[in-house]
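One structure coming up, written as structure tokens, with questions to follow.
By letter and in written order, the chains are A, B, C and D; residue numbering begins at 1 in each of them.
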Amino acid sequence: MVDLLLAQSAFPEAMSQHVLAHYLFVSAAMFTIGLVGFLTRRNLIIMFLCTEMMFQAAGIALIAFSRFHLNYEGQTFVIFVLTVAAAEAALALALVVFLFRKRDSLSAEAWAEMKG
Amino acid sequence: MTMLSMPLGALSNLVAAADGPYIATGEAPQWVALIPALPLLGAVLCLICACLNVKNKAPGYLTVGLLAGSFVTTLVAFLGGTDNYGVATIFRWIHASIGADSGTSLVSNFAFYFDGLSMLWMLFVTGLATVIGLYSSEYMSGDKGLGYCRFFFAFNVFVFSMSCLVMADNLLLLFLGWEGVGLCSYLLIGYYYKKPEAVAAAKKAFIINRIGDLGLLMAIGATFVVFGTVELRPLFEMIAAGIDANGEAIGGTWAVVVIPLLLTAGAFGKSAQLFFYVWLPDAMEGPTPVSALIHAATMVTAGVYLIARMFPLYAADDAMIALTVVAWAGAITAFWAATIEFAQYDIKRIMGYSTISQLGFMFAGLGLLGTTGAVFHVFTHAFFKATLFLCCGAVMHGFGGQLSLRRLSGVMWMKGFGITAVCMLIGCLSLSGVPFTAGYFSKDMILAQAFATPGDMIGGAYFIGLLLLLTAAMTAYYTFRVFFRVFVGPKYFEPGDDDHGDDHGDDHGDDHSHAHDAAKEEPGDALHTGFHPHAPGWAMNTAMVLLAVGTIVIASLYFVNKKEDHGWAGTMVKYSSAAYASPGLGHKGDGEKKDEAVGLLPADAEAGAVMPVSLVAEGVVADEDATAKASGTLFGYDPFKIMYYVSAVLGLIGIIAAAWFHGPKGLAGLGIGNRVEPAKVRMDAVAARFGPIPRWAENKWYVDELYHIVFVKVLLVSSHIYHAIDKLVIDGIVDLLGSLPRWLGSLLRPSQSGVLHSYATGMVAGSAVLVALIVLVALL
Amino acid sequence: MDFIVHPVLLFVALAVCGVGVALSIPRRRFHAGLIGGIIAATGVGILITALGAASLADGSPLPNLFFHGLAIIALGSCLQVITHRRPVYAALYFILSILSTAGLYILLAAEFMAFALVIIYAGAILITYLFVIMLASQSRVEDEEEGISEYDAIGRGPVTATIVSFALLATLTVMMFGGIREISPPGAAQVAQAETVVLQRLPGKVEKALTREGLMNPGESVAGVERTEAGVFATVESADGGTRQVALPETLTPTNTEGLAFNLLGEYPGTIEIAGVILLMAMLGAVVLARKFAQIDEEAKATAAAALAEGRADAIGTLGADVGNGGGATSDG
Amino acid sequence: MSLLYWLILIPLIFAVVIAFAPARQARSIATIGSFVSFGPLLAALFRFDWSNGGSLQFVASYDWIADMGVRLGVGVDSVSLLLIALTVLLGPICVICSYTAVTENVRVFYGWLTGLQAAMVGVFAATDLVGFYICFEFTLLPMYVLINLYGSKNRKRAATKFFLYTFTGSIIALAGLVYVVFHHRSLEGVWTFDIPTLAATAAQMPLQAQSLVLLALMLGFAVKVPLFPVHTWLPLAHTEAPTAGSVILAGVLLKLGTYGIYRFVLGFVPEAVIEYAALIAVLSIIGIVYAGLICWVQKDVKKLVAYSSVSHLGFCVLGLVALNSVGATGSVLYMINHGLSTGALFLCIGMIYERYHTRSMDELGGLAGVMPIWSSFMVFFVMASVGLPGLNGFVSEFMCIIGTFQSSSAWVLEGRAGAAGGSLGPWFAFAAGSGVIVAAMYLLYMTGRVVWCTARQPADYHEHPELPKDLNRREIGLLSVLAVGCLGLGVYPTPLIEAIEPSVERTLAPYQDLLEERAQRLSLDEGEG
């Protein structure tokens, strides 16, 4: 196993702090892209897609850490994340449908009742 | 006469030698409480009548009966002589202690203090109230029903309050009466509440009185501070001894100057003197019996009463500052009111101004140290002025509320007005000071006092005298102006519009329906063929006759106890707090020697210092008293002797002037020339010569307008300003403070756009900042 | 802190990325998706290069070559998701990003998760998304260009959003790159111990392996697995009750799925239950929310009845207009 | 169980009963409830030892929060008992006067009205600071509801302003009270909220601390009174409140402020009171004259009477800070008198409003011809309010003015009879007295417009479906009770004065020496100067 760790371009990934940093960066970048999407897009569905994207990013980080520490906690957690994401997707989509019927639009800006 | 003189004879035997204020030390019988209690009962009965919706004259007759009872009680008390003088405590009213251990307390009982002064006042108050009540029972018959009850309710409450005022054992109860009469005055002036003028007049009377009352209230406070009591008897005892509650001498302290001045302010308000007179003429908006009783005979003399009552305090001041003020104010008011009267045409108003003027005489009399004259004048004035008012009322009643002397003439010759005219004549004679009338004697005492009182006691007493003499002549003139214009001359009238309210007129229709039916024209009544003047009925006639007779009879009181006390009034005054050794007069119970010494005093006699009453009372200087009592003279003679002639002459001059200008035949009537023109034409010609002055006088020298601008307007404007300040500034600041959170909120409000994105952006920014903080903390 | 990448370089690269992302967001005037993508990729490239250089400098291995390709595809398709104006394409790009993420998972030896991801996400969730997108895109608005609605065509405040998001990214990366040296991978002993723990629970697997290797005779069974200084030994119990220690072969390691399964079921049974309830509730909620409400108020009913009585059949149409205006779950139509 | 608990509990229980009873029964239950309170009240009045009125009686207490020394304590001296009597007396009047005025949501109305009575009695009965403050604040809530739901046009704003304004004030007062409690704790080491105990230690605070406490307490209670310049909530609240609310507000709620000043300001911080008496007096006098003049330009009758309350309560506070027995007795008497006469005025106006739906003097007038009975009562109560001797207002007003007159160090130095010392004096009395003139001005102005003059009615006047043109028996009965009270207290106030005096003397006991010391110090200063 030590050999594996020393080999470049290894499969599965031979984790070092630097490799972890690569994965974490990808995770953070994906999260940020999701964030930007959530903040800029006005289509409710796309906004929900962006939240899924952020879940995704979190998943990458979790699995990378799981690999780094060579245990299964991270992966277990990703399962739960997936569960929640699925629940969220179901509810969110139901909501989207519901809202769409009300306003005939998917725009999040159509809903501004909380305006002060 | 015998009835009156008998107890007085007994009285004079008991006279103490001292001239100091008499202090009634005895116990008055408890039944004197009946005097105020009966009118109070009357008030309650009137109230019940109102509740039962009584529509007949029952309230009037009830009132007359109860007032008569009150009068009889007063008479019985009076006949009891000095035995009845003293204090009768009915119940405890206000007792409050000052501080836990000072031991002083504010004691003010519902108690009555009886001495000569209150007795004299109560006699004419209850007596006149009875007679005028009788008169009113007919006069007000037009308002039978609620209005009638209301009238007699207030009438009764008035008599009750006046009794409390006059018989009060303490200043607080006096104040109760003082305000009570003010209330009744308010209610009665505003009796015809549908007339805005009446309502305004009522309000004006009450408010102006209140200004004076503040002075009285302050005086009560000061009295309490200085003397530790507001009860009259201990007060008089202290003043007589010349000490305050701490036993320190009061002579020369502020107390004897300030308290009298404050009292004077109160008296001026009630008696319509100096700056306060403006309410009284307006008060004539009330029903005439009210004017007669309240605004001529009784209530307005409360000021005189107050000063007379507190006279020891006034006299305790060696410099006599307050009294000088009183004297001058009285004289000026008397003269001032007389000038206005010259140009007035409303006969009731003329009588109103005349009242002010006569009250001025009374104040001058008091200020000039002549309490006897002043009090006597109050007494006589009550009778003859009431007579005059009642006669005016009869005319007004008969001619549908007509009061202008330009629209009435020859009333004497009209059917049924004979008694009215005769009574009027008697009243006019008395007011003018024609010899041997009541007014003649009483006014003379005041006039003479003005010359008898040395100028170093009351500054400018001589000039006051001259002013008063002039006023006396003017009085005669304007009095007879009314008489000549209204009662003699060709028969002519224009009925008034009877602005006493509709129901008044309706009633006339019921009582005198024949007058309307009859198409017969009265002579001189060219304009209103349907109007028939209706003469006063039995009740009004009886009342007028009673008062006229009273006016004649009371003249004789001047001769009762003449030697000892300068008349009956003098006797009464002697047994009261107003007792004072007036310069040139004094109370001559000491004997003939003093009388002569004073009577024939030469003109250049040294005006020695007059001892303050307190010292006199102690009897220390009793012997020197006779000689030291220096007094002024008039034309080198004792003013009290010569005044008989001077004033008679002046009075006659005034009457002749009136006859000249206003008599039916003018000068021709006096046997000079034979040109006869209507009085109005003649007068207009005379008035034209004075340019705008008559117009100014007719408009009362624009004093009301001046007051309106200086006081009312200024106050009103400032009130509006205050209101604006209250609303904008004070409440504005509060609202501003209140709106601060709202304002802050509105600043933050745009951040709550309601759009999901902006909240999310905010959240992200917040987390960024949080993470940055964590990183920074880790870095540092 | 010991930064892997110098913060200034990091910030510059992130700024470049930010500019690229901001540019690529759809706008009213222009849509510089490609240019923005290139700029953003440049930024990412700078950083990846810097990271690679740092690993080389530290003498530590570079990540797998596939990593770079998968990362680029993942990030690029993510960028497309948020910039593409058509929701369907966005969803499809998202599937692409999921697939590449699954690839990354495989690189990280999380095969089970990779397949789960593909099945659950790409297979189920995203398809649902696509359905909904199709459903909701039946827009009645015809005048929009190319059938793209206005809210899809124009991003909302791209600059602000980018600045804020990249500020967060900057702080996050600073924290990661600064702190990453502080954590260290577990030592080999611990790793082996962890593997032993899994193997202890898999006596069957050990038996099979031992049998295959011929280290165990038929009739014997594995009583336990222990780890000693010398290595991992299985305690093999013979039928007569005697035991002996057998060293396990090097190749015998638990698979990812096995490890995950033991971890999940052994450590988090309660959590699984809760997850199940959540899913159930979500399902119920979705059903209730997505129901079609037809709320007809009494007044409209009366009007319609009256109209019907008059023989105006068209009045019934007014009832249908209220469809979908239901206020909430309590309304039972 | 102390009678006082019953006095608090009975209305509370009835309030709950009303809340759950059928709406049709609400008003009869409320009426019965308000009369039931008379039982314990009469018992208390009879069993009270009047000769010993200065000390707390019917004392009882239960532990509440033992660790903090908070107890549910009650007890009354003569002043509190009289104010409780006033509260209980006004109870049925408020209920009965609303029979026709309130027809909607009757349960809410009568429930809160009855609950309010419990709170007010609680304020006067509490001997524990916490109990006092809770009741004091709790009065806001019912009043807020009454104004907010049953007021006239502008009621929402009025209710909000009333609540926020007075609430802010009370919070500031709370700060002062808490300071006193902390001071006690730091001095004695134990927590207590017992008012008499606190009064004893509070008086030992240094002058600076006393001044701060005075400031806080005065700020709080002055809002309640209300004293110039924190009076602006009152006209608004009064104008918008329903009749019963106005009566309670004028009759009792304002008295909470003066009672607070009497009990806490005078009781807790004597030295500071002496120091600042003149300032408070000046504010009172400004209030008297200023509010009076503002009354004069009002068009709304109710607003006029509301402002007149500001003016009148100025006398009340003035009498208190005169710091002598006459002034303070007059002031306490004023609290009761004002409750009767102004309450009655509000009732009168309410009756008019019910019939004409307007209170504007421009639209109404000459009612003497239309409603003679009402007019008689109106004139009567106006006169009571003006301070006509023989009616109740005079006695108290006079005593306040005389007390002010007396309250001068100069008098003490001169050794004047009965002068108790203080920093007021004749000029203050004179200025306050001018308020009497102003009172006559505005009240007679109102009377002249509304009662007298030619009859004016609003253009859209319709006869009330239930009420006759003039007053009905119910209304006459209500006003008669108050009229008898006004007359009785005006003619024979002695029993009341004698009842109040022991309490006042006890409260003012610390002042005697302090004032004398102060006078001596002043004379020394003068001598040196």
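Just so we're on the same page, a contact is a pair of C-beta atoms (placed from the backbone, for glycine too) under 8 Å apart; a residue touches a chain by one contact, two chains touch by 3 or more.
As the structure is a prediction and not an experimental result, all values here were calculated from the model.
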{"item": "Distance in touch steps, counted as few as possible, from subunit C out to subunit D", "value": "2"}
{"item": "Chain pair bearing the highest count of C-beta contacts", "value": "A-C"}
{"item": "Euclidean distance of C-alpha centroids - subunit A vs subunit C, Å", "value": "5"}
{"item": "Chain centre separation (subunit A, subunit D; CA means) in Å", "value": "68"}
{"item": "For subunit A paired with subunit B, centre-to-centre distance based on mean C-alpha positions, whole Å", "value": "101"}
{"item": "Subunit B and subunit C: spacing of chain centres that average the CA atoms, whole Å", "value": "105"}
{"item": "For subunit A, residues that touch 2 or more chains besides their own", "value": "35, 39-40, 42, 108-109"}
{"item": "Shared interface positions of subunit C, touching two or more other chains", "value": "156-157, 160-161, 164-165, 168, 172"}
{"item": "Chains touching one another, given as label pairs in label order", "value": "A-B, A-C, B-C, B-D"}
{"item": "Residues of subunit B that touch subunit D when the two form their complex", "value": "50, 91-106, 110, 146, 172, 175-180, 183, 186-187, 190, 193-194, 196, 199-200, 202-203, 206-207, 210-211, 213-214, 217-218, 220-222, 224-229, 244-246, 715-716, 718-720, 722-723, 726, 730-731, 734, 738"}
{"item": "Residues on subunit B engaged by subunit C in the complex (per definition of touch)", "value": "755, 757, 761, 764-765, 767-768, 771-772, 774-775, 778-779"}
{"item": "Residues on subunit D engaged by subunit B in the complex (per definition of touch)", "value": "161, 164-165, 229-233, 290, 293-294, 296-298, 324-326, 329-330, 366, 368-369, 372, 379, 383, 388-390, 394-395, 398-399, 401-402, 405-406, 411, 415-420, 426, 429-430, 433-434, 436-437, 440-441, 444-445, 448, 451-455, 491-494, 497-498, 501, 505, 508-509, 512"}
{"item": "For the subunit A and subunit B complex, residues of the former touching the latter", "value": "35, 38-40, 42, 47, 108-109, 111-116"}
{"item": "In the complex with subunit C, residue positions of subunit A that touch it", "value": "1-2, 5-26, 28-37, 39-43, 45-46, 48-50, 52-53, 56, 59-60, 63-64, 66-73, 75-76, 78-80, 82-91, 93-98, 100-102, 104-109"}
